[in-house]
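We just call them A, B and C in the order they show up, numbering each chain from 1.
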Amino acid sequence: MELSPALRTRGLSRRGFLRATAALGAAGLVGGCTASAAPPGATTVSIWSWLTGMDKYVAAFNAAQKDVFVELRVIAAGLSGGYAQQTNAIRAHNAPDVLHVEYQGLPQILLTGGLRDLTADMADLESQYSPAAWRGVRPDGRTWGVPMDLAPMVFYYRKDLFDQHGIALPRTWDEFRTAAAAVKQVDPQARICSFPLNDGSFFAGMSWQAGDPWWTAQGDTWAVDIAGEGTLRTASYWQSMIKDDQVAGVVHGTQDWIAGIHDGKLWGLLGASWSVGTLNRSIPKDTGRWAVATMPTWEGKPANGIQGGTAFGISAESKAPEAAMTFLRWLSTNPEVPKIGSTFTTPFPAHLPNRAVARQAYKGGYFLGDPVYDVLDEAAKRVPDWTWGPNALRLFSTISDSFGPVRSGGTTLPDAVRKVQQHAVADMRARGLSVREGKTA
Amino acid sequence: MSFVDSKSRWVSTSAVHLILVVAALYSLLPLVWLVTSSTKSLGDFSTTGAFEFGEWNLWANVKALFAQENGIFWHWLLNSVLYAGGGAVLGALICAACGYAIAKTSFPGRRLLFALTLTGVLVPTTVLALPMYLLAAELRVVDTFWAVFIPLLTNPFGVYLARVYADASVPDEVLEAARVDGAGQLRTFFTVALPMMRPGVVTVLLFQFIGIWNNFFLPLVLLTDPKLFPVSLGLFQWSTRQTQFPQYTPLVITGSLLAVLPLVVAFLVLNQQWRKGLAAGSVK
Amino acid sequence: MSVLAPERAPAQEQPSVETSTGTRRKDFAGAVLAVPFAVLLVGTVLVPVAYTLYLSLFTERLRGLGFSGPEHVFVWLGNYLKVIADSAFHASLGNVALFALIHIPSMLIGALVLALLLDSAVVRLKQVWSLAVFVPYAVPVVIGGLIWAYLYSPTIGPIKNLLGVDPLSDTALLPSIANIATWQWVGYNMIIFYTALQAVPKEIVEAARADGAGGLRTAWSIKIPVIRPTIFVAAVFTVIGSLQVFTEPMVLKSFTGTVTSTWSPSMYVYEAAFVAGDNGRAAAASVLIAVICAVLSAVVMRFSTRRSAR
């Protein structure tokens, strides 16, 4: 555990800082465990999370006050097991006080009845959050989580190569197609970007932009519209891109993807705000080559989706809900958090004042063109209405399972989308949920 | 085919050795790859050939590995040793005692126990994971060392082997003599029978060691605390993060190398014991 | 049931349970020795199996939006019908069937050929070859899976260039997974077969050779028949293992989208229980898998005893 220089110079109040150093130093001596002993009289709050850098936030929180002591356990990332672990823990009555719920996973966790209703605790904070985030923790009009960050999707591209070969930055999907063809023309081995077929949350983010939400809570019934016009439009568009071999298929962040970026065979990335960190870390020597822009749009109508975004919930069986809330309010709204965060990543907080702090703390230099936070801010403003359904996470695996054969021509994206809709509706009904198909008035 | 002349004999000898060389390469090249890859940085890993060395980065990788999450990798190695080592020693002893009891003593329910044991051999792990998890949840022991350790002690096949070993290697006359000398049943087992059964028990122990070391399903299901993970589960968890965080790739690779090395060494050292054990376990 | 004899077994005639009771100790203190295992067997096998059967008859129902929590409902065989009708379950069975079809013959034949080669007189450095092929068995399955996953990875692994096929594409995936299992187990079975071959009486082999039988012929008509029972036992274990294949596809899953979350029956159970949270369906599926396992091993055993009896 090291305290980065940035934290030292700008972070924390002086007293807090001294205590933090002392705590970290002590932790270092006993083997570098974050779970050093709680100060006497403190309420212990357990949290499970897979958020990068959570250990640093927790250490700072524990050092800054002594009423609440937070114990962190890093668990596997969401769909790699984190959700399963948390759901199972709720069922096994050994859930931690604080659970890591992304907006997309919140309704599914709610089915276990394992979360505490935070409507009253959070009421005063509504105006301070990005609307998309606030909606994300209120799937049925009650508040079930504390928003942490938001991950609007943007288009990252090799501005150096685009400029060098006179390819204009695509502002619509039609222009994107033209740009894709131009990239391939310049280098037959290169593609404008990858469209990974096994990533349900990516496809959801792409469809989100098209403006037909997959779920809507209508009174006591879920309206399910995964094969709505917007989604089918998205699917048909990418189907033709895949068929014409205009996009690569590698999964974002994999070694193959990095190699592709590294070798200049991928000139762009349809990614979320957190991809800034991925690019910075995986391809550090690409400094000064990339730029960020808002997503291409459908006929110029500004909109874009969100891929991911973290919130935290409190277990219904928590014995220390107040202490947990104290920590979560700190985590979500205290300006120290984005300052710490920007030492190792590019945080994009859901809490608007904190977002301003993150923007201040951002060390530019990697990207050309418009400042990253301007683009992300603009993107966050363009997010249309969306509700995640109670089967969103399951749907992601259905998506990745049904999209698998698309690349080999075994099926087409629109067909697969229709199959996913049928599958989702059947699955929800089988579990006893009240479901209506298609768009509702 | 008749007696072969020296020329065709030479040809067939070469052919035989060629096949063996191919088989050995097939078996060893992946491990060679593991060694070369452990020495590379994340960048080189994507850009250099699979079996060539990049810039020498092994030491940095190892340092990063042990620094990750406050040195969690140490916990994993230690846990694996505890689960597999402790489980194998204790498990083998329990199997030996039960196998001996079934073979050499007559207590009520002996035959039923043996029949159930044989059934137990055939029950797939898949069937046991979910109820084991739910039972552990009822007992509030999910995510504890014991929740993984105790189920892994159960080794019906080991009992079966131990029974056969006891039958074959502990003569009744010896037991009779011990009884005449006034030794109790327990004492007879520990001082007389167990030493005679030792080669067999060591075999059971080795089998169980590998079985536990390889068991993935149960820890995956029962553990969420990384501090309790065995090394395979820990590396698996890291590998699932690579998609989002490529910096885990060198950690997974270097960690794999360090986890495999002691096993391979132990294997080479215990080679003879293994062969005997495997032979015993297979001969019908 | 066959008898496993340790090497250098001193007692040739095995006293059966019935006839040995005369010399057997009658005191019941022996039960004490059996108790630890009996408790383990009951607690970690029998009770869980019974619990699985019980669970398989219930399901959890939600209502409305689902946010009011689930209730338990008894559904008779409803979960079984659901699993039997589930195309994902069929697909998983199809995958392991194909996996077994590739893995079992290639692994067993490979192991047998290598064992016979090692056993032949002409081979030098037997220790070296057998150790080399045996070493992958020392690699934990997860790590073996990871190593191969990287080797398969299209742009960084060498295999795509070598074979000209993407080992992780949906057509090549099955052989790729089978290959991991084969790599891991071929040496193990080779050693087993090789050891069994040591039991083939030297005189018979010599006699055959004197009669003019070549190496191939001796192997085929003398050595293989003698170790046939060993081969069948290995086959039974491999069949059961194949049906339960879990770790290899699970590891590959984070490398490629072509491995579905219900790729194998074990993954189906895992997905149902720990991802979908549908305990009833998971329990029913695992009971079905256990039944299929039992039937298959019975079939292989029957086949083997009939063959050996001839």
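Everything that follows uses one rule, which is that a residue touches a chain if its C-beta (ideal position, glycine included) is under 8 Å from a C-beta of that chain, and two chains touch if they have at least 3 such contacts.
For each chain, UniProt lists the protein as follows: A = ABC transporter substrate-binding protein; B, C = Sugar ABC transporter permease.
What you are looking at is a predicted structure, and each value in this text was computed from that prediction instead of being measured.
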Overall pattern in which the protein chains touch one another (line/ring/star/complete/other): complete
Of B-C and A-C, whichever chain pair has more C-beta contact pairs: B-C
Between subunit C and subunit A, distance of the C-alpha-averaged centres to the nearest whole Å: 40
Distance from the mean Cα position of subunit C to that of subunit B, given in whole angstrom: 15
In subunit B, residues with contacts to at least two other chains: 45-46, 133-134, 220, 240, 242-243
For subunit C, residues contacting two or more additional chains: 150, 155-156, 254, 274
Multi-chain contact sites of subunit A, meaning residues that touch two or more partners: 80, 88, 91, 251, 254-255, 259
Residues on subunit C engaged by subunit B in the complex (per definition of touch): 1-7, 9-11, 14-15, 17, 20-21, 23-34, 36-38, 40-41, 43-49, 51-52, 55, 110, 113-114, 117-118, 120, 122-124, 128-129, 131-144, 146-151, 155-158, 183, 186-188, 191-192, 195-196, 198-199, 212-217, 229-230, 233-234, 240, 243-244, 246-247, 250-251, 254, 265-266, 269-270, 273-274, 279, 282-283, 286-287, 289-290, 293-294, 297
Parts of subunit B lying in touch with subunit C, wherever the complex brings them together: 1-4, 9, 12-13, 16-17, 19-20, 23-24, 26-28, 30-31, 33-34, 37, 45-46, 49-51, 94-95, 97-98, 100-102, 104-111, 113, 116-118, 120, 122-135, 150-151, 153-154, 156, 159-161, 164-165, 167-169, 171-173, 175-176, 179, 184-186, 189, 199-200, 203, 210, 213-214, 216-217, 220-221, 231-233, 235-236, 239-240, 242-243, 252-253, 256, 259-260, 263-264, 266-268, 271, 274-276, 278-284
Touching residues on subunit A, where the partner in the complex is subunit C: 80, 83-84, 87-88, 91, 107, 110-113, 140, 196-199, 217, 220-222, 250-251, 254-256, 259-260, 390, 393-394, 397, 400-401, 403-405, 408, 410, 430-434
Footprint of subunit A on subunit B - complex, ascending: 42-43, 45-47, 69-71, 133-134, 136-137, 140, 142-143, 220, 224-226, 237, 240-247, 249
For the subunit A and subunit B complex, residues of the former touching the latter: 1, 31-34, 48, 52, 55, 73-77, 80-81, 85, 88-89, 91-94, 251-255, 258-259, 262-263, 274, 278, 281-282
